[in-house]
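Common to both upcoming complexes is chain A, partnered first by chain B, then by chain C.
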Partner chain A sequence: MGSSVEVVELSVAFGRTPVLHRISLSVAAGEFVALLGPSGCGKTTLLRSIAGFVAPAGGRILAGGQDITQAPPERRGAAMVFQSYALWPHMSVAKTIGYGLKLRGWDRVRIDVKVGEMLRLLRLEGLGDRLPAQLSGGQRQRVALGRALAVDPAILLLDEPMSNLDARVREGVRHELRELQQSLGITAIHVTHDREEAMILADRIVILHEGRIAQQGTPEDLWARPASAYVADFLGATNCLPVRVHDEMAEAAPAEPPLRLEPGRAPPNGPANVRFRPEEARVLAPGEPLDGLVFHGVVALSAYPGGRWRASIRIGRDDVLVDVPDRLPEGAPVRLGIPAPAAHVFAATA
Partner chain B sequence: MWWLPRGLLLGLFAFFVFGPLVNLVLWSVAESWFWPNRLPSQYGFRFWERVFRPEGQAMESLWLSIWIATLTTLLCLAVSVPAAWALAKANLRWRAAILLLFLLPQAFPNLPVYINIARIFFSFNLNGTVIGVVLVHAAHGLVYSIWIATAAFAAVDDDLELAARNIGAGAFTAFRTITLPLAAPGIAASAVFVFLESLDEFTASYFVGAPEVRTLPLLLFSAAAGGNMQVAAITALILLVPSVLFMLIVERFLRAEVLAKVGK
Partner chain C sequence: MLPYLLLAPALFVVGAFFLVPLAFSVIGAFEGPQGPTFVNLANAASLYRMDLVFTLLIVVASTALTGLGAVAIGGYLTLGRSRTALRLLGAMYRWPLFIPFIVAAQAMRGFIGQNGLMNNTLVWIGLMPQEWAQSFLDWRGIVITFVWKQLPFATLLVAGAMAALDRSGIEAAQNLGAGRLRILIGIVLPQVARNIMVALVLSFVTMMSVLSVPMMISGQSPTMLTVAMAWRINSFGDYGTANALGLVSCILTGLVAWIWLRQAAAERAR
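Here is the complex of A and B:
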């Protein structure tokens, strides 16, 4: 069974460079949390602090209610799957998976049984005698996972474990990992820069930005209500157009009706930006009404990435990308509609 | 017509490498070889017999040399394994300076250094003792063993050891089961170098060890100096055996990645 993890005002610095700024985070027992962010945001440092590989400059870390801030890595009950897998080149698959059990004083028969179980669980049967160099990328990843899971850890730490896998293999592994975590009831903290991976795997996503938590919540919640332009951009709302905000109303094209913003989410009066995803905007027929923001522009380019057309539309001095069902002729004037739930408006400076 | 210059070059090269060896072999089986003869006038194994006779000194010297080389190697390993681990992994502040320090004995001309060591050892009664010779060989061998072992440890990714710590291994267990075995080929190579250096070492042995401690190179020197070319040749051939053997071993075990990390 998993145990809870509590990070309290954790600060980490490498030399004089601060990496984490008083981060607080709590993970419930059995929960799957993804730490999401671009490289350099501190997500791996946070994970390695929990594992005990990085000494924090301040703050505390608790596992299952116990303070483990000063505990050495071997006394934390946390097992990590490394990005590089960190498999031991001189040790066979079976020895690698049995390593932690041997340390715990298990006898050989029991170790063999448990290792056999892990090999079956991870679909590595018959590969027990192989060395890491004789395995494929996907097999290595499963061995690394097996080594961590064999010791029945209370906490599983995953450091971008899928970044070295083929896109096709990754797809399947995600679902397997989620299933495994749920059936074992283990607490999992997963570091990734892949938005889709985080959304598929996690109960809760924590988005990090320059050593601070930018936002956390369920995947649906973050998707629908990003709290800042940074989060919106990271979650795929890469299009950005200028609007004016006045009394919680956002104005786009002068001839179109303004959009009433959700109370509490509206930025202060003045210039602002609307961010939206290419797949959530659409091109409106002439005169078609929409509860949302409407811009007037011209088709600059159409491309076909597969399944649907992707049009680049020029609005004023900005270009935005929109998914449309049919090819749009270049130079054609269009009305671009962003439905209210898809329009994320933030103050222009943010 | 390209084979002609190529063949000539190869022949010349082979002559440079194998010529002296052929000469050694010839001398070792020459029972009489007088100027101006190009080749010995009489062949035989009389001198081999003499060298390998129980009362002959060669075998005694060989065993003594091997014993000294073994002790030197063990002493160097005892110092270099922990030192190299610290230099490679412990983020020491004076890392580069410490590594350079071990190069110092090589930086000065050998003779004055060894004469001074002999003088210092004299006051400690170490001259003419096996321990004295081992110590002076080790000072020389530590350069190889520390530099190569540091590179070997540096070539082991930190995450490999952390992966072991992570699933319950204490710091020492992780070192013993992961880092040390992975660095072992490099450390073994450094040990071989130290062993060979000690086996062949002449200058320091001469000043610190002679005449009580007669290693094989010292025997070779006195045989050659005394005009006994046959005994000198046979001694040299005996010295060649461990060198060639170990070189073959090193060549198999020392990986290019480890060599690439020397001095980093």
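Here is the complex of A and C:
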């Protein structure tokens, strides 16, 4: 069974460069949390602090209610899967998976039974005698996972474990990992820069930005209500167009009706930006009404990435990308509609 | 044609300054005033059998101790946690590398002799009564000097290989609950075993050929083969026996190199 993890006002610095600024985070027992952010946002440092490989400059870390801030890595009850897998080139698959059990003083017979169980669980049967060099990327990843899971850890720490897999393998591994975690009831903290991976795997996503938590919540929640332009951008709302906000109303094209913003989420009066995802905007027929924001522009380019057309539409000085069912002729004037739930409006400075 | 021309100077140097003298000394080992003979080898065997055993024991012991020391220092440099200790050790361990054997031997005489610095200091701080003071200027002195002098070289190779290991492999073991000694033996050493072997073979060969240290530290009999060779030449002009002793040394080091090469090849084939 998993145990809870509590990070309280954790600060980490490398030399004089601060990396984490008083981060607080609590993970419930059995929960799957993804730490999401671009390179350099501090997500790996946070994970390595929990594992005990980075000494914090301030704050505390608790596991299952016990303070482990000063505990060495080997006494934390947290098993880690490394980005490089960190398999030992001289050690066979079976020995690698059984290593943690040997350290715990298990006898040979019990180790063999448990290793056999892990090999079956991870679909590595028959590969027990192989060395890491004789395995494929996906198999190596499963061995690394098996080594971590064999010791029945209370906490599983995953440091971008899928970034070295090719896209097709990754797809399957994600679902397997999620199933495994749920059936074993382990608490999992997963570092990734892949938005989709985080959304598929996690109960809760924590988005980090320059060593601080930008926003945390369920995948659906973050998707629907990003708290800042940074989060919106990271969650795929890469299109950005200027609007004006006045009394909680956002105005796009002059001839179109303004959009009433969700109370409490509207930025202050003045210039603002609307952010939206290419797949959530629509090209409207002339005169077609929409509960949302409408812009007027011309088609700059159409491309076919497969399944649907992706149009680049020029609105004023800005270009935005929109997914449309049919090819739009270049130079054609269009009305671009962003439905109210898809329009994320933030103050221009944010 | 051009490649051979470019190689020619190197081949000439190797041939003229290494292969030819080696061949002369090998031939010399079988040469007597009346033509080819085994007398030299017989002489070497009867007069210096004890010296041969003595040499082997000293060099094997020194090599083993050098290996242990290099693994200990390299291991601490890789797995140590005290920053100050790491910095000090990292800066200091190389120093003896830049001191010639003969200077090291001279310094060692002053340090481990009966009235040397070591005994005097131990007596002075009250750790040892004066009566216990004894000279280490015998086989122990030679071993101490050899290890002191070869340790940095071996450590340089071993610690370098350890530093090049994937750090996360060490962290993974730590993360599973392995202590540092366990990581050193189970994770680090198997991955740098070949580098340790290289360091040890090179140290063995170096120590086999040092004349100054046994000569200065311990003049007594038995002594090392190098001293015996020098003695045959300087005192008797007996190049034949000296060459025979040299041949024996060559065979010994060659044997060590051969064992190592075989093992390396076996490992590569795996």
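Operating definition for what follows: the second predicted complex is superposed on the first by the 350 of 350 C-alpha atoms of A that agree within 3 Å, B and C clash if a C-alpha of one lies under 4 Å from a C-alpha of the other, contacts with A are read in each partner's own complex, and residues count from 1 in each chain.
The rule is short, and it goes like this: a residue touches a chain if its C-beta (ideal position, glycine included) is under 8 Å from a C-beta of that chain, and two chains touch if they have at least 3 such contacts.
If you're wondering where the values come from, they're calculated on a predicted model, not measured in any experiment.
Novice: Looking at the combined model built on chain A, do chain B and chain C fit side by side or clash?
Specialist: clash
Novice: Please work out whether A:H90 is in contact with chain B alone, chain C alone, both, or neither, and reply first, second, both or neither.
Specialist: A:H90: touches chain B and chain C.
Novice: Have a look at where A:A78 lands relative to chain B and chain C in the superposition and call it first, second, both or neither.
Specialist: After superposing on A, A:A78 lies in contact with both chain B and chain C.
Novice: By the touch definition at the top of the document, which applies to A:L47: first (chain B), second (chain C), both, or neither?
Specialist: neither
Novice: Applying the touch criterion given at the start, work out whether A:G100 contacts chain B, chain C, both or neither, answering first, second, both or neither.
Specialist: Both partners, chain B and chain C.
Novice: Can you give me the overlap between the chain B contact set and the chain C contact set on chain A?
Specialist: On chain A, the residues that contact chain B in one structure and chain C in the other are 51-53, 72-74, 78-80, 82, 84, 86-90, 99-100, 103-104, 147-148, 151.
Novice: Sort out for me which residues of chain C touch chain A in the complex.
Specialist: It comes out as residues 166, 168-169, 171-179, 182, 186-187, 190-191.
Novice: What residues of chain A sit close enough to touch chain C in their complex?
Specialist: 51-53, 72-75, 78-80, 82-84, 86-91, 99-100, 103-104, 144, 147-148, 151
Novice: Taking the touch rule as given, give the residues of chain B at its contact with chain A in the complex, in rising order.
Specialist: 157, 159-160, 162-171, 173, 177-178, 181-182
Novice: Would you tell me which residues of chain A are touching chain B in their complex?
Specialist: 51-53, 72-74, 78-80, 82, 84, 86-90, 99-100, 103-104, 147-148, 150-151, 153
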